[in-house]
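Have a look at this one before I ask anything.
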């Protein structure tokens, strides 16, 4: 197997697709990194479930205001034009289809767009947060993820095995090996690492990779 | 990101025959008179947009605002709670002549249906109108021993609203009771078009005091010193 | 038939029952008069459907602000402690049971608490406004009304004949002749004009007047 | 009308065993630490109120706030979306030991259920959780070709919330993202109890800027310089 993208590089690649003027919710953890790599010259407005629109970067250490946090409970700052609102209004933005993009992590993604990202099954404390709302709200649902599990097993599957977060909702998957759109319940390969053959990629993917037109090279700088 | 339009043509572009148009205001407070009249002028010149469904609490007063739309012949249907006013002739005549359709919705249900449209709630239950003609044909359900009527969300192609202050990102504040339905309509329309009395730089509206966050707004046109419908009527506007 | 109360006197009588600290919605027209007669020393907070809590009296003529109106489209002023909100929040106050009292006019009231006040039947332009919400929202629903129609026919009936506004919701009726509570689907007579006998009152009432305990004298000053 | 209470005893009076208590806050922002700890102290002294159902987005962090309630043994059930935190030991141990019940609700559904409780909407439909375990046993309906889950309103006996400014009539403002669930909870509880950082005269809060109108508030206690949960945790509070 060839070398793969780091999480930061996956985030960088996803960030290149952020359109100017988009309203975007970045999931807790890994997806939050995307904001760092937004291309210059594009204005993107970030939403957080706990009631802020148009927040900015983290403040310098020691200057945190713990009443000014994002959904991951990390301290943030405000951009000019920010607003505060309560949780029902915040999820009206989500559920009402007003966000352009929501980006999530995932345990599993199925070729029909199903996603599992909240529960590894019985025995743990279940926690869902806003994910079940986000997957049905934004116009596009992006997933950023390693292409395979830590054990090397495919995370892109014909059907999810873990408890679902949402059905038929994912639109694009940015992985450590490829960029894949979900179109008509199929994984359509858009880009792959140039050093990797289609057969090699298919071998670590749990459902058919459909090719439509040219496959782009997934080339990402060191970040 | 700059949602400010230089003129009515750009602000009102894409409003087509047969569309559903939410119009802010309760009585004269919050009625976006300049936007409405620009649309009426367009209809008079071009014959479009006609056959509109107009959603507002009322159905026009005198001969200005929504009443002017009705007199111009642009309105096929009104969705409202109270199609009466001090001078309801425009609507009343058209309605009694069978030229305009009426969907009568209790005021709280109208507000909640619009909110639901903006919030992605396709249906909800309300006690309002249970046991009345207004509930005829609607699903009824019992919760905790009480009966409720199922109501559907209400969305529109376009919302025309009036704000007091706006910034280029679309953040809005309103003036007093001119707020009424406008923050809800802004959330429930595909394209929300705002006339604002004043445009400021982003950040000049305190984030705590933004009433409509910019995510709900598509286009803004600045109308300093806007007309107030009720004041116009009292001045004898025709 | 004996003399009867004027609308202002009915409003005065209803106003005497406003509790200190109550949140109250006064319907358009006749019910609005109640505010004028609120006894001194009681603080009552008025709600209007179009998004104001704690509004005050009408401004002097010529000083109206037409963005500061009540549901009847009349100019009002603000008390210290007033607030503005949008229509969905306004009806959350109504439907959610947060108002103590809503006062309405009526065409007909039935002994089971049904009320008809929005439509005189086919041929007119129907208009319902906020009445269908108010009748299900406030903890108490008061009606202020003449005891009989202009033709002298009872407005208090066994069953309403006109299209209903709400079912089983009215709690107290203040009429030109009497004060009547609706308890267990019966009209319970609390007060009547002293010059009128119970038989006389029953004769102009379309359903049985139940007497429980003492009938008070309905004595109202000239107002 | 004066909703201001001179002390915690009056502010927290009437909270009884088995009640449902909504507690504002998301993470540490908006957590009414002083109210919570006054209630914990009361429980430790008197053994009441116990067996509480606590409704909050999270389930406590470290050993303060809701975690302190759990450690004290007052909480029979948590209704929340995300019972994890940087230090979720209090809840996790109790949950895995079977000592505390969990009703897991997606965050947007939790917010909407509370809003519905306050707004007199007994049930509504949402796309959230359709096709997942969380929807098991809930009614499903199709609207316009898409499936939705029916959810019920959520109410409580008591809400404990934290405001920045209050007046004696109960009008409130919040501080930044400490707003979160609190304005909703204020509407959905029989008794809403507020700790406010500052009390001002009615009229000093601009009517345009009131976030929670006083009709939703029952009692207020003034807590100048309130503790912030997250700041306390970072200072190493136990």
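Labels A, B, C and D are assigned to the chains in the order they are written; within every chain, residues are numbered from 1.
By definition in this document, a contact is a pair of C-beta atoms (placed from the backbone, for glycine too) under 8 Å apart; a residue touches a chain by one contact, two chains touch by 3 or more.
It should be emphasised that the depicted structure is a prediction, and the values quoted were computed from it without experimental measurement.
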Intersection of contact partners for chain C and chain D: B
Chain B and chain D, separation of their C-alpha mean positions in angstrom: 35
Geometric centre distance via CA averages, chain C-chain A, whole Å: 56
Centroid distance [mean C-alpha coordinates] between chain C and chain B, Å: 30
Two or more partner chains touched - positions in chain B: 112, 115, 119-121, 126-127, 174, 176, 207-208, 211
For chain C, residues contacting two or more additional chains: 52, 84-85, 88, 91, 94-95, 136-137
Pairs of chains, among all present, that meet the touch criterion: A-B, A-D, B-C, B-D, C-D
Sites on chain A touched by chain B in the complex: 20-21, 23, 43, 45, 47, 52-54, 78-85, 88-89, 91-99, 136-137
Chain D - residues contacting chain A, complex: 26-30, 57, 81-86, 88, 91-92, 95-96, 102, 104-112, 114-115, 126-134, 174-184, 211, 228-231, 234
Contact footprint of chain D on chain A as seen in their complex: 48-52, 65-69, 71, 73, 84-88, 90-91, 94-95, 114, 119, 125-133, 136-137, 163-167
Parts of chain B lying in touch with chain D, wherever the complex brings them together: 112, 116, 119-127, 141, 143-144, 146, 148, 152, 173-174, 176, 207-209, 211
Residue ranges of chain D in contact with chain C within the complex: 1, 115, 117-121, 167-169, 171, 187-188, 201-203, 205, 207-208, 210, 213-216
